[in-house]
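Got a structure for you, written out below as structure tokens; questions coming shortly.
Per-chain numbering from 1; labels A, B, C and D assigned in written order.
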Amino acid sequence: MGKVIKKSTKKTSTQLSVRLGTLELANPVITASGTFGYGLEFKAYMNIDNLGAIITKGLSLKPRKGNPGPRIVETPSGMINAIGLANIGVEAFINEKLPLLKKTKTKIIANIFGETVREYSELAKRLSDVEGVSALEINISCPNVKKGGMSFGTDPKEAARVVRAVRKATRLHVMTKLSPNVSDIKQMVRSVESAGTDSVSLINTIPAMAINAETKRPVLGNVMGGLSGPAIKPVALRMVYEAASVATVPLVGIGGITTAVDAIEFILAGASAVQIGTASFITPSASESVVSGLKEYVKKNGDIKKLIGALKV
Amino acid sequence: MNSTVIYNKSIATDVHFLLRLKWSEKKIPTPGQFVMVSVSDASTSLDPLLRRPFSVFDAGKGWIELLYRVVGRGTSLMSTLKKGDKVDVLGPLGKKFPTPKEKNKLIMVAGGIGIAPFYLLSKTLKNSKKDAVLFFGARTKVDARLSAPIKKLGIKVKVSTEDGSLGRAGYVTDAVLDFIEKDSVIYACGPMGMLKATAKLAKDAGVLCYVSLESSMACGIGVCLGCALKASEDVKKTKDKEYVLVCSEGPVFNSKDIEWEKL
Amino acid sequence: MGKVIKKSTKKTSTQLSVRLGTLELANPVITASGTFGYGLEFKAYMNIDNLGAIITKGLSLKPRKGNPGPRIVETPSGMINAIGLANIGVEAFINEKLPLLKKTKTKIIANIFGETVREYSELAKRLSDVEGVSALEINISCPNVKKGGMSFGTDPKEAARVVRAVRKATRLHVMTKLSPNVSDIKQMVRSVESAGTDSVSLINTIPAMAINAETKRPVLGNVMGGLSGPAIKPVALRMVYEAASVATVPLVGIGGITTAVDAIEFILAGASAVQIGTASFITPSASESVVSGLKEYVKKNGDIKKLIGALKV
Amino acid sequence: MNSTVIYNKSIATDVHFLLRLKWSEKKIPTPGQFVMVSVSDASTSLDPLLRRPFSVFDAGKGWIELLYRVVGRGTSLMSTLKKGDKVDVLGPLGKKFPTPKEKNKLIMVAGGIGIAPFYLLSKTLKNSKKDAVLFFGARTKVDARLSAPIKKLGIKVKVSTEDGSLGRAGYVTDAVLDFIEKDSVIYACGPMGMLKATAKLAKDAGVLCYVSLESSMACGIGVCLGCALKASEDVKKTKDKEYVLVCSEGPVFNSKDIEWEKL
């Protein structure tokens, strides 16, 4: 009996595994940058070994303090954040977090951002030198920094420059994370593809704002921030579907995913994997629940890979 | 953790409620810690989306109690909870009030609903209890009733009301001033203005002061970095930190660690 | 006593009035195109005389049947519609609806869209010939038509072409309604301003999609549609605030407004008036409630015009 | 209209509920009409956002009753309503079932929760009542209990169950076939597949057939154009209409007016 059960688990587990080009994941569930700390914080709430991959908080060359508060505000079925990419910096990450983090069998993806193309390529080099990082996710789309950031994310040529530089600097899998703040996401996909990205993740938060009518002031210290959570899911799904119509590399869907059903919707739209963001704030083990839900799904319906882009239009 | 409502009853006024929940977590909350409460069930509603933070008012074997004031959407929803309803609670979270030393004279300063964490703290006080005093600033004498449970524990309670309808009229901090002694230690919780004034008072008097702070929170567990407040110059220099996280490094801070001018 | 009360009402009413260039409105509350029918339908639920203005369902030269169903789907705190600009056509509007509609003292604004620049200018001409229409709102941003529509809305040059043609064809107030589906809303504002628009309204719906994981099909007959409702309010507020930083003509804020407080937020961000859309579906008299709420506000705080763009940053 | 819950009780199964509300609108709902119910209070939650449409099951002096099945978020929330709770209701909306002629033999065909509008219709039948019959298709014999109230009115009820646990096994439409006479008129409400089959049946038999249809709705009052269904070729030609609006032109349609192939 023991054997039989083992076998069926094995089957489920291969049926849950997905491949993003060179990057093989035990399952398609990845925790999104900035919503899962450096991974270790969640050990108290779930088994992080069960994830497909963990993406770190966005890393810069130097540590960053972030924006003045308030940094978050709730909105209908969503939230706006203006953290300002606060992070401990790549060296502290490598020295303090990575040694502990790489003990998990889950793949570690480092999310990186710079203010110049050069900073991106230095980050890529530095992270390629160390053991334990499986891929880099290039954040060209964070709306919360004054320099760089957004302009890379909305101009296909600038985006390609960043990707090309990172591509040259590393042998790791390169995932490029796109901003939703563009008229034509297809053009962005084509551009970062031709610059050599191995996969494309989308979407980052949507630039947004909240105002306190009583004080007549913006709610956020930074005035603007990025909208995330279930409110943006319909926009994210549309963008993944549009991206899938032109993409030749694998896509990773992000935006308001809280359940396994949400994940399946993104996979049907064309994503090979998904990222769980805001949902982890509400339920720290949300990502693990999505994995369990997908496990149930493949037990009944077979290989998850058959679902990728299987939307009947 | 999915928790069952034991009761949810209004206390003192019709906007203040005491919510008692079953508690099966191994960790028992300590004074000053808080929990994050899911006010809506995600299978039926995704709005409000985020959990709401509440200090632990009291805790016993298998239960905890929260004292809350209805101010907006989340607390309105909470006020409709009934015995037997389920509610998802995350915690206990954050750091507790440091245990006061025997020799210290404890001065608790609470403004409005800021009284919440002081009940559990008062309960844990032992010999020092006779020397502890709670200064409670309330809007009116009706609100002032919130201090009754603490009074029952044998703590001296000195009330100030904004409208002068009970006790001293005016700000609670004015009342504290005359009371500070050399070995006093102040624990404060309440509106930002009050905390700021209390911190200044403590600084001027050269006594130790701990404050329990609030900030907008998404995660409550130190990962979203959303609840950051500016750290004092002192912290900045000694620890190379520009911000402190209210949820994981607080909510209780030494008042010297906070940059009050930026609040 | 009666007199005193009358006086104070009068004061309130002038304090609620706003001016969009040449267009004077009794109050800043306008019902959004496509969410208020042709206005008459709401007479059973409210007094339409109390509104600042009514904007008609989008009108085309010829009647349009619209998209196959399902045409709407609910999303977290929002909805997606893919009506497909179904409308009775400009002639039927003029002959059947306008005669009844112009009996209200509320200003009537005709929302127009075409598949070519020429269609826009013909619509503008036709509607300028008749009595009862105070302004035209140019919809260059509807995501639901295959031809025209979106491309006008996302390309500043194309948008300007449409506006210029309409400007030439009419002496009515011209309001141009912008799509949120652009990287740089400021550029769009500048472009339609220089083409001669008298005011700018924003935002239209955000392109979005919903998928049924069980049937593996898109929920909407048209696959994609436009997201509206409270979910998009933070994005709309941000865009109005950005637009206000460059606009020289008055702005009209749209997106998820359901209460007077929401309206005040948009006004603080820089809007001179607001439009109520999806909220009218949930409560047919929602727009009237917003007017009442604003009335209360000005009674306590004085002239609403002082609020326009008064955000303290 | 803000309406007070008189009761909300499960009926027949644990997913079917009967909700009785106070009704102070001047307009009294007629058989076949529906109401739109706000399941969340906008001051505390904006999700679910849209109202949910429900047929009027019964109506009396100062009250209406809805019969509903819990299928998703909105109906789950509704099932927690308690006596005294407030709920916002818009209506009555839509067109009623045409009153059957005296000479007509009325055949009602209901599938599952599609039985809802037939109670009020049955109640209004006068002399013709003795000739009226309800064919009720249910999943199981437990679901079949939903037809009891109509039976009590003196209407003949013929049950089919999918699992054969009660009455005839199989689709309800198969049962109807043998029963159609020349002067029969069919009124049907239920799942699309059933309605389609019923429409075909009626067409083949050459009898009049009215169907009560469902469609996703935002406004319920004919302005969003969201609930459009394809009209039949016939309607297209005679009225130059490609779509009909379920909320304002229906929900009851002559089955000839609908393009069944497109559903």
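In the analysis below, a contact is a pair of C-beta atoms (placed from the backbone, for glycine too) under 8 Å apart; a residue touches a chain by one contact, two chains touch by 3 or more.
Model, not experiment: these values are computed from the prediction.
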item: Labels of chains that are neighbours to chain A and to chain C; value: B, D
item: Neighbouring chains common to chain A and chain D, by label; value: B, C
item: Inter-chain centre distance, chain C versus chain D - centres from mean C-alpha coordinates, in Å; value: 36
item: Gap in Å, rounded to a whole number, between the CA centres of chain D and chain B; value: 53
item: Approximate Å spacing (C-alpha centroids) for the pair chain B, chain C; value: 46
item: Multi-chain contact sites of chain D, meaning residues that touch two or more partners; value: 46-48
item: Multi-partner residues of chain C (at least 2 other chains); value: 76-78, 229-230
item: Topology of the chain contact graph, where touching chains are joined (line, ring, star, complete, other); value: complete
item: Residue ranges of chain C in contact with chain D within the complex; value: 34-37, 41-42, 44-45, 57, 65-66, 68-74, 76-79, 81, 83, 86, 229-230, 258, 278, 280-284
item: Residues of chain D that touch chain C when the two form their complex; value: 38, 42, 46-51, 88, 90, 215-219, 221-230, 242-243, 262
item: Chain D-facing residues of chain A, complex; value: 76-77, 230
item: Residues of chain A touching chain C in the complex; value: 75-78, 80, 154-155, 181-184, 206-211, 213, 215-218, 223-224, 227, 229-235, 237-238, 241, 256, 261, 264-265, 268-269, 310-313
item: Contacting residues of chain D [partner chain B, same complex]; value: 40, 43-48, 73, 76-77
